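In order of appearance the chains are A, B, C and D, and numbering begins at 1 in each one.
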Amino acid sequence: MVTADANLFLEDKPREECGVMGIYAPGREVARLTFFGLYALQHRGQEGAGIVTCDGRRAYSHKGAGLVSQVFNEQNLSPLTGHLAIGHNRYSTTGGTHLRNVQPYLIETIHGPLGLAHNGNLTNALQLREMLLRRGVGLSSTTDTEMMTQILAAPVEIWQQNGLTVIDEEDGWIPRIRAMMQIVDGAYSLTILTNNAIYAVRDPRGLRPLSLGKLPEGHVIASETCAFGTIGAEYIRYVEPGEIVRIDANGVTSFKGAEPQQRALCVFEYVYFARPDSMLDGQVIHRVRQNMGRRLAEESPADVDIVVGVPDSATPAAIGYSLQSGIPFSEGLTKNRYIGRTFIQPDDGLRKQGIHLKFNALTSNLQGKRVALVDDSIVRGNTAGPLVQLIRDGGATEVHVRVSSPPVRHPCFMGVDMATYRELIAHKLDVDAICERIGADSLDYLSLPGMLGAISDTTGFSNSFCTACFSGEYPLNIPEWLFESDRSKLQFEGIWDA
Amino acid sequence: MVTADANLFLEDKPREECGVMGIYAPGREVARLTFFGLYALQHRGQEGAGIVTCDGRRAYSHKGAGLVSQVFNEQNLSPLTGHLAIGHNRYSTTGGTHLRNVQPYLIETIHGPLGLAHNGNLTNALQLREMLLRRGVGLSSTTDTEMMTQILAAPVEIWQQNGLTVIDEEDGWIPRIRAMMQIVDGAYSLTILTNNAIYAVRDPRGLRPLSLGKLPEGHVIASETCAFGTIGAEYIRYVEPGEIVRIDANGVTSFKGAEPQQRALCVFEYVYFARPDSMLDGQVIHRVRQNMGRRLAEESPADVDIVVGVPDSATPAAIGYSLQSGIPFSEGLTKNRYIGRTFIQPDDGLRKQGIHLKFNALTSNLQGKRVALVDDSIVRGNTAGPLVQLIRDGGATEVHVRVSSPPVRHPCFMGVDMATYRELIAHKLDVDAICERIGADSLDYLSLPGMLGAISDTTGFSNSFCTACFSGEYPLNIPEWLFESDRSKLQFEGIWDA
Amino acid sequence: MVTADANLFLEDKPREECGVMGIYAPGREVARLTFFGLYALQHRGQEGAGIVTCDGRRAYSHKGAGLVSQVFNEQNLSPLTGHLAIGHNRYSTTGGTHLRNVQPYLIETIHGPLGLAHNGNLTNALQLREMLLRRGVGLSSTTDTEMMTQILAAPVEIWQQNGLTVIDEEDGWIPRIRAMMQIVDGAYSLTILTNNAIYAVRDPRGLRPLSLGKLPEGHVIASETCAFGTIGAEYIRYVEPGEIVRIDANGVTSFKGAEPQQRALCVFEYVYFARPDSMLDGQVIHRVRQNMGRRLAEESPADVDIVVGVPDSATPAAIGYSLQSGIPFSEGLTKNRYIGRTFIQPDDGLRKQGIHLKFNALTSNLQGKRVALVDDSIVRGNTAGPLVQLIRDGGATEVHVRVSSPPVRHPCFMGVDMATYRELIAHKLDVDAICERIGADSLDYLSLPGMLGAISDTTGFSNSFCTACFSGEYPLNIPEWLFESDRSKLQFEGIWDA
Amino acid sequence: MVTADANLFLEDKPREECGVMGIYAPGREVARLTFFGLYALQHRGQEGAGIVTCDGRRAYSHKGAGLVSQVFNEQNLSPLTGHLAIGHNRYSTTGGTHLRNVQPYLIETIHGPLGLAHNGNLTNALQLREMLLRRGVGLSSTTDTEMMTQILAAPVEIWQQNGLTVIDEEDGWIPRIRAMMQIVDGAYSLTILTNNAIYAVRDPRGLRPLSLGKLPEGHVIASETCAFGTIGAEYIRYVEPGEIVRIDANGVTSFKGAEPQQRALCVFEYVYFARPDSMLDGQVIHRVRQNMGRRLAEESPADVDIVVGVPDSATPAAIGYSLQSGIPFSEGLTKNRYIGRTFIQPDDGLRKQGIHLKFNALTSNLQGKRVALVDDSIVRGNTAGPLVQLIRDGGATEVHVRVSSPPVRHPCFMGVDMATYRELIAHKLDVDAICERIGADSLDYLSLPGMLGAISDTTGFSNSFCTACFSGEYPLNIPEWLFESDRSKLQFEGIWDA
């Protein structure tokens, strides 16, 4: 049955928090390149965007709320001169949506200007916060990012006083970044800008992706490889877990930042986050998703006439399901592309009908058909019901839902806005109950081994993923209070934006 | 070869000018319903939106530039009270993008308030303009729409003095609308609001679509049926060419407005404009497009490994091509969904590479493959080249372009922003030359009979379409000056917005 | 006693509705000159501003809500090219504050472009409106100004058919303007722009001011002469009641527009509206106001230690009172110059104290003093009480209020937003009761003969003013319904802005 | 002679940098009170405004660019809850106009939230900046204010390590504020907000004013006493140089913050900055200015017919000049009150005429008169010439300029945007040469002893003022580089806003 409070606009997906960029390219307009890179990474964050550049002497910054195309125009882009740039697309997990939380952060330090863009989430943020406050550093925001800039601003002696082993080097930033990597815990893929170099930093577990590419005139760092094509760069390799990559006048230099641990790349990048044309582990995401659909067809066949995917993200899996099962793939749903968010509420009449404004049914393809409806994931479960109903209203005689990933039963604390325990439908209900709730004729999820198998079949990588949201096995220690409390509790008491 | 000035953002498609809505529904929040209807019709115009309502005594209006979700918020929507509403999505053909050209128009007449929303283009606009000016009516804009409101504002006697046969009736608006239909020529699908009724009016050739639907509490008019599903309305029928439909307290009444002529529905609605889930002539557009793809496969087979469609509009035709040919359908291109328009220009480096920011290649599906790339239409031909190159760069060994409609060789003067003669690539080059220009291994278009056959096979309708842009056979008289001159010449001299 | 609901920000003054400009000056940037002229006339209207220019072939327009400095910037001013310009500052009396009511109006007519800016109010607006609607002209706003443009758009034949005597002339606009002057009634000072001339038009009673000035390269029309100094123009003369002045390539030509009637210039221009440095009837306003203060001192002496004026408008009268009485003038009140309107409401505590945010007392000058507080007018009487209290709180032992104009007892229907009968304190209470209400030790107004005497002493003009708000003797016929109803009833039913 | 580049809009005055507010008042809406206080202090800064409140647990902040009435509305004011508030009006001296420099600053510290609003300028900013950076604190802006918050965020131990004597107390903020006062040098009047108290802090020389007032429910701190009247507070006393005043649940407590030094209150507060209705040293400013005018009349009589002041600031001095000399005071200039800044540039014609848009002459009062034109100060000297010309054009036969303060010959480094040496006309020219430059018949300034005498006669205070801009005797050590360089050099290299 379709519930009355079905969300009419949003999709039932977790939300990736950020995309980061970094470019070193003398002779190119690096702010412009960064803009187009962020444009390609827009799916990783739509709440804010920013670019920081440096010409070797001064650093320049512009950031704002909204899509990257809304934040930037020629007037505010052109003063961002220099040959070094970092950029950021923001979706807020911690820190609220206030402008002052938009990244990158840029501060002046005793070592010169420092810019930082961050994708991830620190699990020991509260301890770090207290450490900084105790050191006498005031904090003007609630972001991990501001904390990391203030940690990097400290002279190495402070770390040595605190018992950290910090080996001095020619490049002073390397020991400072290493020191930071010793004390921060969690997921982080960073791009850092200084007076003369761009640094790419990835946490020891490699929880969030980060890749290195080549431009004719320099190099580029991006959260996803899809940004490379957009700006004419070529993919070289991904940044290794625990690695620091420096790009400067001497080209690309690699440093060990922290002892790498068992890799735990977020498996949801494969399931949903990454753009289908991005590469992870040497393979195009689209192919991996297709294979997940194939596995799903093997594990959970359905006696149906057509296979329909929920556009656009589940289309590759649906095609895979179709290819494997031999059941024809068909478009059964259209999606309204004009996603400009609206805050207009439906009236009671519309609400009662449980109308789904984002999708419409293609009745010509559905009429009289038994349908396998393939989705890539179900999180809260609030849109699956209306979709099933839509397919039925479109003339389908049976609707069998197939999901190309396992049930999401645990929240994420590593940089993904998933949901809390009490919001996750698979935490509260078993598969049969979910099936009943969403009104499907049958419901099946891809098994965890099936999903990992589909990935390893394609990429050769196995057992190197964070599957916490499916399995509950977190790759790092999660503080108890995080489990017990709501995400928003990460908001420290003290400052609140009006 | 990829040309350097390839447009990096826009697609090579003609642009439909408008979507119209009209609702009569006592007890419902009609402005809200109209908002959601316009939301569903957003693809028909993204430059402006407006809603006019009436409570039987007063009329209320709000309009603005941008997407419907940008123009409206709860604060400006809620004062739009009443049980009658019309709405409009604007893409400007004539009249410029200035706010004062945004529709609907609302004026006070001797007969009470009059609102009008218009989809189409009048071919005798200059004569009508002069007629009004001679009558002593000043005009504050350059739109057809303002002219039509002023024509309707005239008392019937004026028409009678001008030799028009106007039979008086109980409902005075009917003879006035009929009089207008006697003097305006061109394409028009209108929704009209008065103190106590909504009228739907369609030109005698039915050039632009217009459909009637049913709500539990009343009725609704929309350019496309996809708006009905969104607001919980049921499709009843389309408005007939030359028909006036009145919706008021007495329900739906049909009047003959003008002698219907040979129907000439714009065939491009089937090819590209209409949303795939809308119905025309009783058939879902998606199915017709699939059949065009099937026909294309019959007419122009290709010895390839996979069939790839240009997303999203050509996907149905590509699926049809695949189904008919038995060659597997595969996703080969991804499209950046975050279409927020940007005015940031690429730097020289990007320009030289001819990068296409809107699409990326799915290399995993293309590597080593011979590809049939199906598109629904080619107009200026400026994006086909970069797309072919993208497919090649993605690893394809051959790229055979197949277009599911005939070559576009003639401009449109009936409400579509197509292009001028000198911009149309098929007006300047033959198919072989276009093939060479875009760098494809082969190029084929669906024939005109093939396209019409695909439509009639599905819908039963044949020979009732305007095919002027393909055939050069215009269904109505086009003034010579229109052919000779640029569209923008329709801008009358005299007033210009600063 | 100070009432709790004292308005904390606004002053108790009537509001002039508009300022108009017109410039003909080949070789100059007329839009720029008009901007600075409107800047000088800003006190005549702060709700909207607009400029229309013409280069002889095309007309250009920009207008918006707010102060002239807010509406215009270099970007929107520079496209306003040409050598002809009209401009307008708006304070809305009729027509609401909606953008579409902002002037000047610009329309295309059969005779070419027509721009019109209007200061005044038509008393037969409803009849004119009906006349136009009956003629089949739809109206998109509720302003007099749109009506006048549509009246002028009509061919002369229409007027001849209606029995008007219209003599044809070389310049077709002259008979059309004359025809309009035969049918509109009320107060109007207009500037009109056509393809090749600027026209200045003043109603037969000369209710609102309008002056002609000379630039090195042409001529200028303005509501007040203070605009001349600002743009380097010299005052020539005022436009005569009933006169049409044309400025074009042939220089300045005068036409009789309508038979002049007994002049009835709004006397409130002398009392409060006009800037003190403007000239009326050949005399600087400041001197006339000083003389009003002298007369007031003669008629209503006060046994006080100092004379204090309510800044800034009553300062000249206070100086006159001081000069005549020999009692020292002293500044006793300061005014917060930063008048940016705020919509922040005071809390209960502030409300109870009846604090006046616009003024503060200068205690050093007031301490232990008996004070004559001179104001130029009292309309609603809602700020006089708080001012008296402020003076007392500042240490004054006695406060004697002296007003340099008679009690305002009647509303204005000729273009001034005065108040309705039930709002006018002097319509409801006699002078003693007002004195008690505002808590003064004594209260006196200048008599009507005294005020007119002060004017005629300075200017030589007497018996040629509209004194309706003081005397109730209206210089023209006021329809009964206007007396009976609220101003806002002028809003015709039908269209209302949301 | 009138120079061609006369600034047409701005006045030739130094600009005070800021106004600060602080309120502790349980039971009142303190943000609202702060708003009205800032409204009264608007003359001290028009570029930005902000309010920070605290409810004892959380702190709330809103700030923005523009006038306080533009920055705040009910929607952003109402979330600022609590019983503690500080506020700030900004005119930028250091730090640029970028939003991130708008005050108050609010940070989280180990001691809880900390808000700070600052009026003044630190002369050892560069050393402080380096000290903070060396301590490992990154800085995100170029303001003194951010530095002071970071200094206060440090634990006392840091100060003790640095050899500062810091006595611990019950209230930990007192020793921290004292420690800060030991290391910062320059002018500062601060309001500080913490979890449970408001602090007012004034530098040991008392360079900028700061006063304490009483509300029925608590206390208030403001830069000027005029803010007290506006919010219904009573003046108690000024904050002593070097004093820390704490306002909390225990009422008002005074602490010695630093050893007071010879007081050096900015004498320009008396000359121009402070509102005439504010009190300094127990006397209303208006009276002091009147006495300056009296002294000026004694020192520099003029054989003239009338005394005219440059409105509004010089009116009190002009009245004093008139009272002392017995020559009648007269209004000779009017000022356009609608000061909305415009960026429209005059055309060449206007530029050549040297028109002054801000003032107009009152010819009726000037015709045939010998005029003493009293101004309060001349800084750059760019508007005096056009004013003299305006008076002459208004008909004056002679213009004798009298200035009620000495020639400004030295820049200010203590929080006033005066000008640089090369901009100060009296640094480059002697009085005779200035007289010739501005085209006056004679020119005289009040002597320094005369000015100080006028103040001490009224207030009893003498020899306790900073007169550096007149005398060159700076009350504190000014670093050499400040003298040598432009103000803007204070902008540290490194970060720059795009």
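Quick note on the criterion: contacts are C-beta pairs under 8 Å (C-beta built on N, C-alpha and C of every residue); 3 or more make two chains touch, one makes a residue touch a chain.
Since the model is a prediction, treat every value here as computed from it, not as a measurement.
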Topological distance between subunit B and subunit D, in contact steps: 2
Identity of the chain that, by mean CA position, is farthest from subunit B: D
Chain centre separation (subunit A, subunit D; CA means) in Å: 49
Between subunit C and subunit A, distance of the C-alpha-averaged centres to the nearest whole Å: 61
Centre-to-centre distance between subunit D and subunit C (centres being mean Cα positions), rounded to whole Å: 37
In subunit D, residues with contacts to at least two other chains: none
Chain contact graph, described as a line, ring, star, complete graph or other shape: ring
List of subunit B residues in touch with subunit A within their complex: 28-29, 32-33, 35-36, 39-40, 42-43, 46, 67-70, 72-74, 77, 216-217, 226, 229-232, 275-277, 283-284, 286-287, 312, 315-316, 319, 323, 328-331, 334, 336-347, 349-350, 353, 355, 357, 360-365
Residue ranges of subunit C touching subunit B (in the complex, touch as defined): 57-62, 76, 79-80, 105-110, 112-114, 130, 133-140, 149-150, 152-155, 158, 492-498
